[in-house]
Amino acid sequence: GQGGGTAAAPQGTAGAKAGVLHVLASIDLEHLDPARNYVTSSMDVGRLIYRTLTTNAAAPGPAGGEIVPDLATDLGTPTDGARTWTFTLKEGVKFEDGRPITSKDIKYGVERTFAPEFPEGPPYARMWLRGGDTYKGPLNGEGLKSIETPDDRTIVFRLNRPVADFGSAVSMPFFAPVPKDKEAGVAYDNRPFSSGPYKIEKFEPKKRIELVRNEHWDRSTDTVRKGLPDRIVIDLNLDPAVIDQRMIAGQGEDANAVQFEPIGAASVAQVLTNPALKERLVTGESINTRFLSLNTSRKPLDQVKVRQAIAYALDKEALRTVRGGPIAGDIATALLPPAIPGHRKEDPYPADVAKAKALLAEAGFASGIDLVLDAPATPGGKAQGEAIQASLGRAGIRVKINEISSSAFWSTVGNASQQHDLVIDGWTPDWTGASTYLPNVLDGRFIVKQGNQNRAHYDSTEVNKRFDEIAAMTDAAAAATAYGELATRIMRDAPVVPFLWDKSAFLTGGNVTGAYGHVAFVGRVDLATVGLKSAR
Amino acid sequence: MIVYLLKRLGAAAAILLVICALTFTIFYIAPDDPAQKACGKACTPERIEQIRDQLGLDTPIPEQFASYVRGIFAGRTYGTGSTAVECPFPCLGFSFQTNVPVQELLVSRLPVSASIAVGAAVLWLLVGVGAGVLAALRKGSWWDRTAMGAALGGISLPIYLTALVLQYLLVVVFEVLPYPRAVGLLEDPAGWFASMLMPWIALAALYAGMYARLTRTELIGVLSQNFVRTARAKGLPERTVVRRHALRPTLTPIVTVFGMDLGALLGGALITESVFGLPGVGKLAADAINSSDQPVILGVTLFAAAFIVFANVVVDLLYAVLDPRIRLGAS
Amino acid sequence: MLMALGAPLITALTGQSPTEFHPEAIDPALGGLPKGPWGGISAEHPLGVEPATGRDVLARVVWGARLSLLISLLATLLATTIGTVLGLVAGFQGGWADMVIGRLMDLLMSFPSLIFMIALMSVAPDGNRELMLVAVLGLFGWPYIGRIVRGQAMALAGREFVEAARVLGATRRAILFREVLPNLTGPILVVATLSIPGYIATEAGLSFLGVGVRPPTPSWGQMIASAVPWYAADPVYFLVPGLFLLVTVLAFNVVGDALGDLR
Amino acid sequence: MTPLLEAEGLVKRFPMRHPLTRRVTGHLTAVDGVSLTVRRGETLGLVGESGCGKSSTARLITRLAEPTGGTIRFDGRDITTMGEATLRPVRRDLQMIFQDPFSSLNPRMTVEAILSAPFRYQGLKPEPGQIAELLRRVGLRPEHAERLPHQFSGGQAQRIGIARALALHPKLVVCDEPVSALDVSVQAQILNLLRDLQEEFELSYVFIAHDLGAVRQVCGRIAVMYLGTVVEIADRDELFAHPAHPYTAALLAAVPIPDPRIERARPRVVLSGDLPSPANPPSGCPFRTRCPRAAERCALERPTLAEGAPGHRVACHFPLDTSLGLSRDGARRAGPRPAKGAP
Amino acid sequence: MTLLDVKDLRVSFGETRAVDGLSFSLERGRVLGLVGESGCGKSVTSLAVMGLLNGATTSGEIWFDGQELLGSDRRAVRRLRGDRLAMIFQDPLSSLNPYYPVGFQIAEAYRAHRRTSRKQARAIVVRMLDRVGIPEAERRARDYPHQFSGGMRQRVMIAMALCLEPELIIADEPTTALDVTVQAQILALLDTLRAEYGTAVLLITHDLGVVAGTADEVVVMYGGRAVERGEVHALFEDPREPYTRRLLAAVPRIDRPVPDRLETL
């Protein structure tokens, strides 16, 4: 991209094993309990506190998408046609109190995710593990039989279907170890027990979390994390503009700070026109795609021509501009972003207002249509909403913006009875690949009344069938190509209009080294590798 | 007096109860399901059901309200079994978005708000009352007109405008101050002062204007009173006349207004704290509103209301203490 | 005021709509910064353009003035009407009515109104936001006027001309509205005028905090809120609505002040 | 013929509240069993010191205040408990003039509006020229009708108040200190005017004042009030010639006479102590705390208003007047008693 | 010996002339009555003598014991005030500061001119309160003005004025707000104390009766100037000016037969 900065290699060189790293975040950490940690920001922080069987490599660019062993010695051994997966734990891995991490702790951690109290995690365990459909978690004392721990270092998962990329799935936080005696129900969220390089010293939700070094973390067992600073202090819920300006000024402690979220559009000009600042700008890639979901269950969006008209009319450039311009990412022309295997270079709906009008007229709406857009009630949501409103307006599509409080946004648009015509939508796969993306948002059989993710309500028998066929493939490359073809096929129906493949650009303090944007965390800084040049 | 105090506190409690009930009802009959809001992003019907159960949303509203009020005095436990969360006395609710009892959030935010409020109050009292006194003593002079013009300007300044202009000038352009951040007074007094200076000025600009005008009007009124003439007739030096005989009666209404303003200020620090990104009670409220964390909104509203109501009681008592006519009753 | 009424005219003159995007006036590569100095001020856009969208600031400011003033004037009207009627009744009738109304005023004034208004607006059903703002502002604003009217009415109720009217056989209504109210128009006018800027500022504050009117309708508070992140990169964008707001509020304060001095 | 006004045992009690707590701390008896009659065409004077209940009595008679006890008969009808609506026609005959000429005129109304208010509130319309005639009658000019009250002097304003009271040709006018706020010269004009009008309109007055000179000038009969009660009532000349109550005597003695020779020759009567609070009146005779003749009986027994000489009634156990049973110069013998602490 | 000599005093507030060429003089130990109708400039005159007029243009001369006051510097006049020149005002309630106990307010007057300890000042306060006839002076000194009746407050004012034994007391309508019986008490008190201290009094009143009973000399004011002045007996018996005559005739007197009509001006 044109963003500038260094995307190729982590910034700087070796950092000191000391100092206090500051992280300035404009958001709150949703959940740190590994059973509930399923948003990229919390996962980034979670990676400091707990280890999983495997994890993403610490590398900039698409290389970060590679899965490498973490607590396990390898990426797991599939048997029984990828229906049984066996992992062996490394030796010398320990919790924060010095006790060794055993396979039972991992088993307990996974079992917890079945408890209805912790619904936020991904559905894979429930979907794949045998008996997972009826299991209600360990809180009432019951265990899950399909996870076996023949000894303290071996763990065996028995699945109800072949899962080729199970080795990637276990990189998710819910495969982190949790000692049974530390169980605290929902309160575990505030103080998860550490198996990683840092433990929580103090956590004030929405305000600040302070991490200190976990003395029992053994550097030699961890090939991914660097564990450089003595302390990491994350300030939460700061004003984004204030963070930008503080990072630009870089005074005092802020020289030891990194910014957690991408810089705002308003700060872009200041940074790009100042070479000294550009030095400190880091860009990261991501596998996030932003799209506009068109609710095909509502008239007149049930007509493909109307949807195509929207796809032609949407001014993606304006949308990108309100998000910060080229630095915010590349304009999306297809469903799959370039970093995901199977991506195809294509642009079925180039911007063309005249064509949009013609299509609308063909569909019988020469005088235009009225639609309601669901947008989060945030400054960004509002700006995007207005951009959509203005650009569709050129084609005679009158859009009314329905602002939804940001916390209730996903549950509202996931509720079929509360969702309107258009939704500002998007998706990040759980790991690099289309398998946790396309089926999640476009498989018609996953449409549910509440907590729905297929917000286009797109249900094509042909496409659904193809999803099943690809899922059964064991050859990863073939599956990727097949997903790419299917994406092209889906876009002919235009249930969604992709408009942006995110990138992230953030500033680091002058004393910070080793910072790069990680693809798994939407291009956010990989906290596990950042250090300070000198400990002041 | 004791009986009166008890009665006043009783009335205050009644007002708080009504405020609590109103706020409670508004949130719980709002079109959005509180459970859905507490549920967050990855929400399943089961989870919603569970939260409903924990929050006791299935019981009738009066009953929910009763358990809320009971919780304030006795603490309460939300939910049962493994999902149970403890919310100790004085339980103002439990934030399911952050997993923390509301009162804990409040307590952790209070120092910042108190720093802002108290510092700003000191500043505006010094500037406002000082300017008002000088203007009253030199009524009609160049100074009077300038000060009153400035006061009117100060009153007209929206806080966020002052705040941002200050930040732009002092931090961005001239770089004389750092960006405000939450620093404890004890940890780093200099940093605390530097961080608080702009919020103080922003808030104080508004109130100083009001107090300057109030002081001026009051003092001019008092100076025309017969007893001031008497004091002069005694041959007291003008300084003593002003200080002892005019200022004291002038300060009584100012002190009472001040009490109310300070009470309302904690609730109103919202904009200042939001603009400067300082994690105080106001910011807590703003964030809670943004993320629809209803227990927190309810708790902050109640807390702020309690502060106002309490300040009003104190003000009334203060008035009585300051004014012998009330303290000792009519002849 | 003129500006608010003339909003359609001004926008017709400049040929700019408050909602139209002007991608040519901004530089996407710099995050949407307006091209040219001073926030993109040009002959076409006399007060510059909005960063990231290129919308005309003048058009937005004048349309925003319309909305801000409309809302605050209606809120003032509402608060003044309720405050006057209830204040009169409380101050004049005394006793039971005074107690009930007094308690109600105490109650409303004990609300941390800004927090509560925001909360209320944020949970309020999606309807006419403008009317809702008026209602909320009026609801929390009337006690301040009511208290003043009550005090004045109480003072007037003890005046001998009220007794004189009673001796002449005037009804309670006649006394309230023929004898007492005309004597209150002065103070009411002053208080009302002085409360307008408060409402303008509060409306802007609510919009500033994101619970005001819905986009794309411009309002000053919203404009300022969206200008906040830009204050360092494009201070003009922030200063224009800010100064308009300041000047308007100041103007109302000065007028109210002058009215108060006149009496 | 029945008297025009008969008030029987009027009582008015006010609750006293603590200024802060608003709690009722006691009761203040402003009027404590006052009985008065006003005959047609006569002027009854009501004198007494500040706070003795004169205005309260006036407000009871005109039904501006609700009596706590007692009855009021006006023109043969009991008006004590009449509702506002039934009372309205009665009000035409029962008018009032107030103390403060400015406060009693609505500052927002022109004289024209003020003088047409009596008609309007009674559902009538003034005939053309009637208002000009009223103005002329009280010594103002018709062109004054356009002015607002603040454009008049105190005496002129009081004339407007009088014109308003007379607009509907009432039978009784209650004048509550109509001249207290005025200078002597203006006061004289108003007193003259009131007398002229009385003849012309066949009015009866209840004339309240604390100035004995003014009361003497206009009243036929005079009632002296002290601490909410009438202590003495008699025809004017009788009262001034033979005051029977020690209080009346002290009051008369205290009125300064604008003649140095007479004034300096008079023995000074200085009552000791202060007026007791009506909230906490003394037992028995209310005047006993300051009375030079007070005896034990006075503390125990409250004297009632008893008729001595015909038409002269006094509430005292030991009245002064010989014709009422005691020596006439009693007051002089007993007093003056110097104020406590004074040499 | 002349204590106070006012020569051609003129005071105006902007356009309005409140006092317009007034002259009079007062001997030590004598009482001068200044009478006139409302607004004739009596209070303004008294304030001018005290140097308490604000925002007025003043001309003429005011000689006090050989010292010209209008031309003197403010400090010097202030030192005289309260010490040798004291004043009693009409409304004793509003003239006392509601926020301080009366004892404090009297002591303050004393300590403004005499160096004494608090304790000594308190003793003087108690003695003065006792002198003006306030029972339980020791305890009452700690009470606030609102706890006193009207007559008592005026006694407090007198105590305050007399505590430094001034040579001149200006009493501006000292009894107008009081009832006749209380007025009699206060006038008697003033008279006794005046005789005892040998203080001269400038007695301002609109009540001719009060003047007749108290003053040695009288000045009748009208429209800011003196229309007549003279020894009290002479003036009342044989008023020269028609204005004075009419003024006297307008007062309803209780010692003469009731006239049919009162004289008016």
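Order of writing sets the chain letters: A, B, C, D and E. Residues in each chain are counted from 1.
Just so we're on the same page, contacts are C-beta pairs under 8 Å (C-beta built on N, C-alpha and C of every residue); 3 or more make two chains touch, one makes a residue touch a chain.
Since this is a predicted model, take the numbers as computed values, not measurements.
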Joint neighbours of chain C and chain B, given as chain labels: A, D
Contact-richer chain pair [A-B vs B-D]: A-B
Chain closest to the middle [Cα centroid of all protein chains]: B
Distance between the centres, which are taken as Cα means, of chain E and chain B, whole angstrom: 52
Whole-Å gap between the CA centroids of chain A and chain E: 91
Rounded Å distance, chain D centre to chain E centre (Cα mean): 31
Residues of chain B engaged with two or more neighbouring chains: 32, 172, 274-275, 290, 292, 325, 330-331
Residues within chain D bordering two or more other chains: none
Interface hub residues of chain A, defined as touching at least two other chains: 245, 377-378, 405
Touching pairs among all chains present in the structure: A-B, A-C, B-C, B-D, B-E, C-D, D-E
Complex contacts: residues of chain C adjacent to chain B: 106-107, 109-116, 118-120, 122-125, 197, 201, 204-205, 208-211, 224, 228, 231-232, 235, 238-239, 242, 245-246, 249-250, 253-254, 257
Complex contact set, residues of chain B against chain E: 225-227, 229-238, 240, 244-245, 248-249, 252, 322-325, 328, 330-331
Residue numbers on chain A that touch chain C, as the complex places them: 2, 240-241, 244-245, 248, 264-270, 272-273, 315, 317-318, 320-322, 324-327, 377-379, 382-383, 385-387, 389-391, 393, 401-403, 405
Complex interface listing, chain B residues touching chain A: 32, 36-37, 39-48, 50, 81-85, 95, 97-100, 105, 108-109, 171-172, 175, 178-179, 181-182, 274-277, 279, 283-284, 287, 290-293
List of chain E residues in touch with chain B within their complex: 47, 50, 52, 78-83, 86-87, 89, 91, 94-100, 105, 108-109, 112-113, 144, 146-149, 157, 160
